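Common to both upcoming complexes is chain A, partnered first by chain B, then by chain C.
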Partner chain A sequence: MKTGKFAHAALVFYGILVLAFLYLPLVSVGFASVSKARYLSFPIRKYSTDWYGKAVESDTVRDLLFLSLKVAGIVTLLAMVMGFFGALAFARYQWRYRKLFQKLILLPIFFPQTVLGLALLMWFNAIGVIPSWKTAVVAHLVWIAPIATLVIAIRAYSFDPALEEAARDMGANTWETLREVTIPLLMPGVVSAGLFAFLLSWGNFPLSLFTTGADSTLPEWLYAKMVSGYSPLVPTVGMLSVAASAVLLALGLTAPWLLRSLRKMRS
Partner chain B sequence: MGDMPILRINALTKTFDDFTALHAIDLNVHDGEFLAIVGPSGCGKTTLIRLMVGMEEPSDGAIWLRDQRIDEVPANKRPTCMVFQSLALFPHRTVGQNIEFPLKLRKVPAAERKARALELLALLRLPEDYYGKRIDQCSGGERQRVALARALAFDPEILFFDEPLSALDYRLRKTLEKELRELHLRTGKTFVYITHSLEEAMVMSDRIAIMRAGRFEQIAPGAEIYARPSSTFVAEFMGEVNLFDVSANAGDLTLSGRAAGQFSGQQGTLMIRPESLRILAPEEAAEVAVSGTVTAEYLLGSRIQYAITTAGDKSVTVEVLRENGIDGGPGTPVRIGCGASACHLIAEA
Partner chain C sequence: MRGRERRLGLLYSLPVSAFLALSFLAPILLVAAFSVMPPKVFSLANMPDFSAYGEFLTQGYWRSVAWSLGMALAATLILFVLCWPLAFAMAKVFRGFTLVLTIGVVMTLFVSENIRLFGWVLTLMKGGLIEGYIRHWTGVGYDGLLYNVPIIIFGLVYVYLPFMLFPLAQGISMVPDDARQAAYDLGATRWQILREIELPLASPGIVVGSLLCFVLSAGAIAESKLLGGQAVIVIADEVETAFTYGQNWPLGAALAMVLIAIVGGIAIWGIAKADLDAMIGRRR
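Our next item is the complex of A and B:
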């Protein structure tokens, strides 16, 4: 459909407005991270990248990054495995309680994360588990594994069941069918789910706040420093965290192209 | 084609909850034959092929491959292979890798696998450079050939086909029908082909099994089923047909000579194919004759088809060569007829 001049201008204006709404807060954090002043104030009078140097050198920041990376990494791996088999049960195979499973598996996504965090904390206390980064992994998984399942299930729904039947018909056993057909065909969904899992765990605050105990992840530290003890290190670490997410996202999006190029170079 | 059955099905039954898809059917498939199983949608032909390849378990009955009972053998342990309706080519593998798949499962060395894949590409008239092509770069016809090559790489005792040509356009389907027939003759393998298209079955197969509501109506060579159907269902399924109830004095038909002797007073339905009838000259005698008025005419290339309504208001179809057509269009009174040998009496209960 062709748009008129006025409609076209209105659409461009609307687009800019939406983008500004989404990205301006992040831009302001970016500005704050390069401010020389110790306190947050606009407009920024003196610019400096010193805080980036301090952030890289800081042991605290390094420990926080490492812990957050560890939690997100383990959550990603477990969510991919759980999501893969969950998606097969969700979308590929007919079984007696499938419909009930489909409903129950998605329910944790809709719980408020604070309530979920509180419930998990109470549960850990009840069974005598001391909260730490390990309990945070469990908490993140309760929320993220259903999302990973859903992402992989979307891929599994578009999968022709005859492909697995054909493999079996030609002599493949269950493991060979999984290895040769199911896993490769669901892999784009598994990678997407992994990306989601990492980014959701990496940036998660409410579940971590309730379940990390004495340990602390990056979002928790950012919040604590905003409430008391603010310095430009806070927006700087925030920007580094965003940059890490962006790099991972870019890697995830270009992975198929990179793999294809690599295969071509090899052959 | 040997007379020895390679596959025997005894009293095979399949039920899904309270629905019976197959009712204790029997079937023998001869070694090296091309058997087509034809029937309307929902008649149970896909259930039958899935039972034969092991994708479904029978509720009752047995399937024998030569001397081995196979109905309890899992699909991946049976020496049979199927070309699926969707072809089921692996989209993440190249043409060559698809063809090599069954060989890879058998741990055949890579060089040997490649040599066999190239051999099969040549057999299926696909260029050698298709070996490295992605499946989504192949046309519909090429994909059919790749699926066939993959199934042949498996080297099955019986090759099953589940309506693999149904999604193709008419011209390509016609070409592939002939190629499939040719391939059957060249390989000498046993082919069992499921289709709802009678035309496909007639062109390719040695025998046709007509299915209806989970039972076989008739199993015989195509020409025999066409000329001597066992029921009015088969007669109508095999193409256009004129059916006359001879128990009610043949309706408007005039029977004389051999026809009177053979069909008068019989119980059943007299079948006459439209192409067996001819337009009679005013005084011309025929063993079977009927008068009526042309109500419509349809040009079918070199032939012409007339719809004729008899005095008893029965519609009769006649198909003749254009040069043998009548002068004058709809509304023209005509007499049509044929010899007794062109008729077949269906004695149905």
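Our next item is the complex of A and C:
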């Protein structure tokens, strides 16, 4: 579309403004995390990185990191497997209940997460399961498996059915077709779904709130500290969690490029 | 070949649909069953008496529902107006910058919602980033901007912006340039093109974006707790209180069912109307 130079510049400016709006609170958290004072107030008079040292040394923070990592890791693996098969059923194959299945997949995404967490708490109680980090994995998956399915489905839609048929015509059985054709073709989608799954689980709070029992994830601990009064560790641990996501995201975004250059070096 | 596709489709759908049946549909049914139990029981082995729904009407819980729905509606309308120009630019005007924006916006989704809202508390509170510097430079401060209804709506707008922006951009990219060009050549004004061409043709994206924002805002809790203080109690908050402090599961279940019925009804209606194959698989 043709737009005037001025309109184009105005739109770019608006886009930058929206990005600034989205990141402004993180800037505040960043500043707060390097403030020396126990009770935060702007403008910050003395900067120090002491709280980072305290956070890294703290056993509580280490346990929280480890638990969040464990939950997110398992959620990622399961979401990738369920999402891979789900996406093929969602986008690739024509079968009888496909439309119904597509709607079932979308429903949890539209559902209020806090209510879902409470419903799961009642459900675990009814079937006699004691909530722990394992039940939190289930809770995260209710929301994240459908998202992983959708992310992979985008890839599966552009999948040429002739490729699978060709493999079958040349004598490959279902498993061989899957392994040699379908999985490699959908792999980029599966990897991005895995990245999404990990990061969404890592940052999720409403689903963890009621389903972790005596265990606690990082966002839960942060929330508890936020509502019970200020602790200088909150912005610090918050920034650490953001930094962890950013590093993972950067790795995920550059991974295809890194792999390509590795392959070039070898050949 | 057809028969094979049909079998594989069913087979491959099983892991995720069995999982959702057991850990999504079953819990909702359980909540529905609990909602008709007499007050403060913890098992289903009681005579149903629907008293929790009576309490919903007589104890003023409907006010929380009205607040939640009203604020969700306000946030959705604001988001639509706010996101439309940017979504339009992402779909039709920008080239490389669309990718920058997409990555920039998606990245915020991966930061825990409550860290970002906490950041707004630090930004807006008395002695926070904005007030602190204004006082530092001008000597005059104000009492902080937190703990009222507009700031909760602000929080909802902030948190759910990506859920409006991306569906809108997707919807707008479905509007063919030819249709807009033709309307322009026939003498339509910018406003007429928007009303007669763009809005109707982008409607799938508008419907999905608005639904997502409305539904998620209606069930939101962190915005009102962290930014709004006790300015208003939203319905999700009442549900939580009934389950935890109140130890009244049937009441909590009935409140949850009201929210589920409203939100689920709207979501099912919207999902039933949307053609998913066309929306997601457009780039075939």
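Keep this in mind: the second predicted complex is superposed on the first by the 254 of 267 C-alpha atoms of A that agree within 3 Å, B and C clash if a C-alpha of one lies under 4 Å from a C-alpha of the other, contacts with A are read in each partner's own complex, and residues count from 1 in each chain.
The rule is short, and it goes like this: a residue touches a chain if its C-beta (ideal position, glycine included) is under 8 Å from a C-beta of that chain, and two chains touch if they have at least 3 such contacts.
Not measured: the values here are computed from a predicted model.
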{"item": "Fit or clash - chain C, chain B, common chain A", "value": "fit"}
{"item": "Touching partner for A:Glu165 - first (chain B), second (chain C), both, neither", "value": "both"}
{"item": "Once both complexes are placed on the shared chain, angle at chain A toward chain B and chain C, C-alpha, multiple of 10 degrees", "value": "90"}
{"item": "Touched chain A residues, chain B compared with chain C", "value": "C"}
{"item": "First, second, both or neither for A:Asn173, with chain B first and chain C second", "value": "first"}
{"item": "Contacts of A:Val181 with chain B and chain C, given as first, second, both or neither", "value": "first"}
{"item": "Partner chain in contact with A:Ile74 - chain B first, chain C second, else both or neither", "value": "neither"}
{"item": "Touched partner set for A:Tyr23, first chain B, second chain C, both or neither", "value": "second"}
{"item": "Partner chain(s) touched by A:Tyr93 [first = chain B, second = chain C, both, neither]", "value": "second"}
{"item": "Least Cα gap, in Å, left between chain B and chain C after the two complexes are fitted on chain A", "value": "5"}
{"item": "Chain A positions touched by chain B in one structure and by chain C in the second", "value": "165"}
{"item": "Chain A partner contacts - residues on chain B that touch it in the complex", "value": "53-55, 74-77, 80-82, 84-86, 88, 90-92, 101-102, 105-106, 150, 154"}
{"item": "Touching residues (chain side chain C, partner chain A) in the complex", "value": "1-2, 5-10, 12-17, 19-20, 23-24, 26-28, 30-31, 34, 42, 44, 82, 85-86, 89-90, 92-94, 97, 101, 103-105, 107-123, 127-129, 131-133, 136, 158, 161, 177, 180, 211-212, 215-216, 218-222, 225-226, 236, 239-240, 243, 249, 252-253, 256, 259-260, 263-264, 267-268, 270-272, 276-277, 280-281, 283-284"}
{"item": "List of chain A residues in touch with chain B within their complex", "value": "160, 162-163, 165-173, 176, 180-181, 184-185"}
{"item": "Chain A residues within the chain C interface of the complex", "value": "1, 3, 8, 11-12, 14-15, 18-19, 21-29, 31-32, 40-43, 81-83, 85-86, 88-98, 101-116, 118-123, 125-126, 138-139, 141-142, 145-146, 149-150, 153-154, 157-158, 165, 174, 199-200, 202-206, 210, 218-219, 222-223, 226-227, 234-235, 238, 241-242, 245-246, 249, 253"}
